[in-house]
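Once you've had a glance at the structure underneath, I'll fire off some questions.
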Amino acid sequence: MVNLGDFFYTLGMWLQGLLMRAGLNESAARGAFSALVAALLPLIALLTAVPLIWLERKWIARLQDRMGPNRVGPFGLLQVFADMVKIFTKEDITPLGADRVVFALAPVLAVAGVVGLWAVIPFAANAFGVDLNVGVLYLVAAGTLSTLAIMLAGWSANNKYALLGAFRTVAQMISYEVPLVLSLLVPVLLSGSLGLNGIVAAQREVWFVFSAPLAALLFLIASQAEVGRAPFDLLEAESEIVAGFNIEYSGMKFGFFFVGEFLHSFTMGLLGATLFLGGWTGPGVETYPALGAVYIILKGTFVYFLFVWARATFPRIRIDQMLDFNWKLLTPLGLFLIPLLAVVNRGLSESSVWLRNAALLGANVLLAALVLTILGMRGRSARMRAASNATPAPAALRR
Amino acid sequence: MDNAWSVVGIFMIVAIVLPGAALIMARLLGPKKPSPIKQQTYECGVETVGESWVQFKAQYYVYALAFVVFDVEVVFLYPWARAYGQLPLFATLEGALFILILAVGLLYVWRKGALEWQ
Amino acid sequence: MVPLSWYLIVAAALFCLGLYGVLARRNSVAILMGIELMLNAVNLNLVAFWRYLEPARMSGQVFAVMVFAVAAAEAAVGLALIISLYRLKRTVVADEADLLRG
Amino acid sequence: MTIAQVIFVVISAVVLVSAVLVVVSRNIVHAALWLILSLFGVAALFAVLEAGFMAVVQVVIYVGAIATLIIFAIMLTRREMREPGQQTHRWWPLPALLAMALFAGLAWLLGSLPGTGAAPPALAGEDPVLLLGQALLSPEQYMLPFEVASVLLLAALVGAIVIAGDSR
């Protein structure tokens, strides 16, 4: 009997049955099927970039009271394809003195690092590439490929602005990786699982965004910085370092950095949805598991919209502000949040789900109130100092 | 094929091969008319002075250093986060102590002024 | 099936390559890279022994994690020393670091 | 050869060849890049050994952190890199001979070791990361090393900041 509600499972079983009829035994059929999934998923991930670029350009345009792409095709839908044709037929320039192999490898790694994240995202109860028992750490490991790609790009181009931009970018990415991994630790703490499927399953009752809103906020900010979008786009500040690490890139190679950035942002949205918004859970998922894919894409798009919204809203920050914001606010906050949540969660592990989550939420609110009070006090004293410096010094002190 | 990592291996190979193939395709489709002027290092039209290795602030190293230490710390915390729920409350406090020792390190670096960008 | 001895041979070769790097290189950053290769060989051995001899007890992995921590600490302090030396003497060649000779 | 053996040989070849290039490259940046490839290969070997945690930690710590630190250090001490001078000592054959002798000795020792041809036992049903966490946290096992590791990292952080930041 065909159960269309569990579409992915049915499809998988059908394909495996087909392979078995072709003469494979059961384990070989299962292996061939997962290899097929592993080979198709990167393609799907790459193709996702096409609608994303259109969507983001439209959103940004609306937020800035413009029309956005509207010439090629209905609602400008075909604009991305026109751009693809253009970028595929552009001349591919490698500057003199560049390290050719490394120069070509960098954009490939930039995309591969982002696409690699898709291997562990659960799209529905039965639809995921692979359920690793160290899924969350795998995300961090795949992310290092992006950092590596930028270092390679900056070094290989033989251009001092590229190298300078790469250094800035890497300094930002590694700095914000600390709060990012700290925020990724929170779902692990609360669910007791490192696999993403386990984390989603633990959110059937309460999404982690409600039990740990501060961690969700940390994740949101840190991943925006990790992707390097406004207000954290000082690594491609045109006025200072003429576009940063990718200055020498043109044609398809530049296109890959561009695609990598868009895809990274959306993938971070999907991860945010998985880790904090309950992933594929939602009403009706128990009877129709295929609905999960719809839920996670909606939730992921929502988080992605938050990223785009922030990009359209905030002005670019300076490098010292970027570093201070991370090392003097986000990292200490994460370091305090984790033991606090662990103690509350462990202390109330015997009590009911609602009491435990209410206590976790209370701990978050208390910590947030504390941080805001400290920040307010520091800000007030800084303003006082600025005000007292602004008044002219007494005559006796003037020389 | 019973090792879950074989799927990851295939996945990563495809994820590298696909963009690589696209690059090769773009190279075949695009025109190729190299000239010395075109291939010069781009600096907004100004001719390049000196070599590409410029001296960097040693301060970048301080941030990289802090990152390395906290990255290793977090790696230790993941097994803790996985296991503390099934161990006595004492184990939770062990992890908290581990974090607090490193928080002291962050406080030291901060107080020393190494985190001030200049 | 891959026997344990294959892993041990690869680890031994990696260790010897690292040793050669440490002894033969002049650049101190390159010497440090040799040390990292040697530490990796040790880790490979530890994890292979864990898998083949005692997969139920985690001693091998615990040791390997400790090696990671030590490697990170060593790289952090070692590279800080190299940068400090470079500022002082404008060199990263280990033989020329003869501060005591004045 | 079975598929598992082919995979092992390919990964090992990548590890060893790039390790050779690490120690012979004249360009120090290239040496660092080969080191990264070698480290990735070791991570793949960990994955083959079904030590998933070790594999991801290898990438996170070695490739993500230590290799980044090394590249930063290379960029900060760049003058040396442009010098075409000798990258190895005059007497480099001596260490080469020593390393080869050591490898020959180790290989001979391994050949005489009994029981290294057996298949690995099946993994326990428990999640290895859970077991690792329990081993690290229980006082009768590795609680002390766990806490000492944090003190070690603290000492490294403080020491390195003092050394690297002494110009100010």
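Lettered A, B, C and D in written order, each chain numbered from 1.
Assume contacts are C-beta pairs under 8 Å (C-beta built on N, C-alpha and C of every residue); 3 or more make two chains touch, one makes a residue touch a chain.
These figures come from a predicted structure and were not determined experimentally.
A.B. asks: Could you let me know which interface, A-D or B-D, is made of more C-beta pairs in contact?
C.D. replies: Pair with the higher count of C-beta contacts: B-D.
A.B. asks: By C-alpha centroids, what is the most central chain here?
C.D. replies: Measuring from the global C-alpha mean, the nearest chain centre belongs to B.
A.B. asks: Would you mind pulling out the distance in Å between where the CA atoms of chain A average out and where those of chain B do?
C.D. replies: Whole-Å distance between the two chain centres: 14.
A.B. asks: Between chain A and chain D, what is the separation of their C-alpha centroids in Å?
C.D. replies: 29
A.B. asks: Measuring from the mean C-alpha position of chain B to the mean C-alpha position of chain C, what distance in angstrom results?
C.D. replies: The answer is 20 Å.
A.B. asks: So which bits of chain C are touching at least two other chains?
C.D. replies: 65, 68-69, 72, 75-76, 79-80, 83, 87
A.B. asks: Multi-chain contacts in chain A: which residues touch at least two other chains?
C.D. replies: Residues 132-134, 137-138, 163, 167, 174, 177, 194 of chain A each touch two or more of the other chains.
A.B. asks: Please output the residue numbers of chain B that touch at least 2 other chains, ranges allowed.
C.D. replies: 4-5, 8, 51, 53, 56, 58, 60-61, 64-69, 71-72, 75-76, 78, 81-82, 84, 86, 95, 102
A.B. asks: So which chains actually touch one another? I want all the pairs, not just one.
C.D. replies: A-B, A-D, B-C, B-D, C-D
A.B. asks: Within the complex, which stretch of chain B touches chain C?
C.D. replies: 58, 61, 65, 68-69, 71-72, 75-76
A.B. asks: Per the contact definition, I'd like the list of chain C residues that touch chain D in the complex.
C.D. replies: 1-10, 12-27, 29-30, 32-34, 36-37, 40, 43-44, 47-48, 50-52, 55-59, 61-62, 64-66, 68-77, 79-84, 86-87, 90-93, 95
A.B. asks: Note which residues of chain B are touching chain A in the complex, please.
C.D. replies: On the chain B side, the touching residues are 1-2, 4-8, 10-12, 14-16, 18-20, 22-23, 25-27, 29-34, 36, 38-44, 48, 50-54, 56, 60, 63-64, 66-67, 70-71, 74-75, 77-78, 81-82, 84-86, 89, 92-93, 95-96, 99-100, 102-103, 106, 110, 115-117.
A.B. asks: Give the list of chain A residues in touch with chain D in this complex.
C.D. replies: Against chain D, chain A makes touches at 102, 132-134, 137-138, 140-141, 143-144, 147-148, 151-152, 155, 163, 167, 170, 174, 177, 194.
A.B. asks: Across the complex, what residues on chain D touch chain B?
C.D. replies: Per the touch definition, chain D meets chain B at residues 44, 47-48, 50, 52-53, 55, 57, 60-61, 64-66, 68-69, 72-73, 75-76, 78, 81-82, 127, 129-130, 132-134, 136-139, 143, 146-147, 149-151, 153-154, 156-158, 160-161, 164-165, 167-168.
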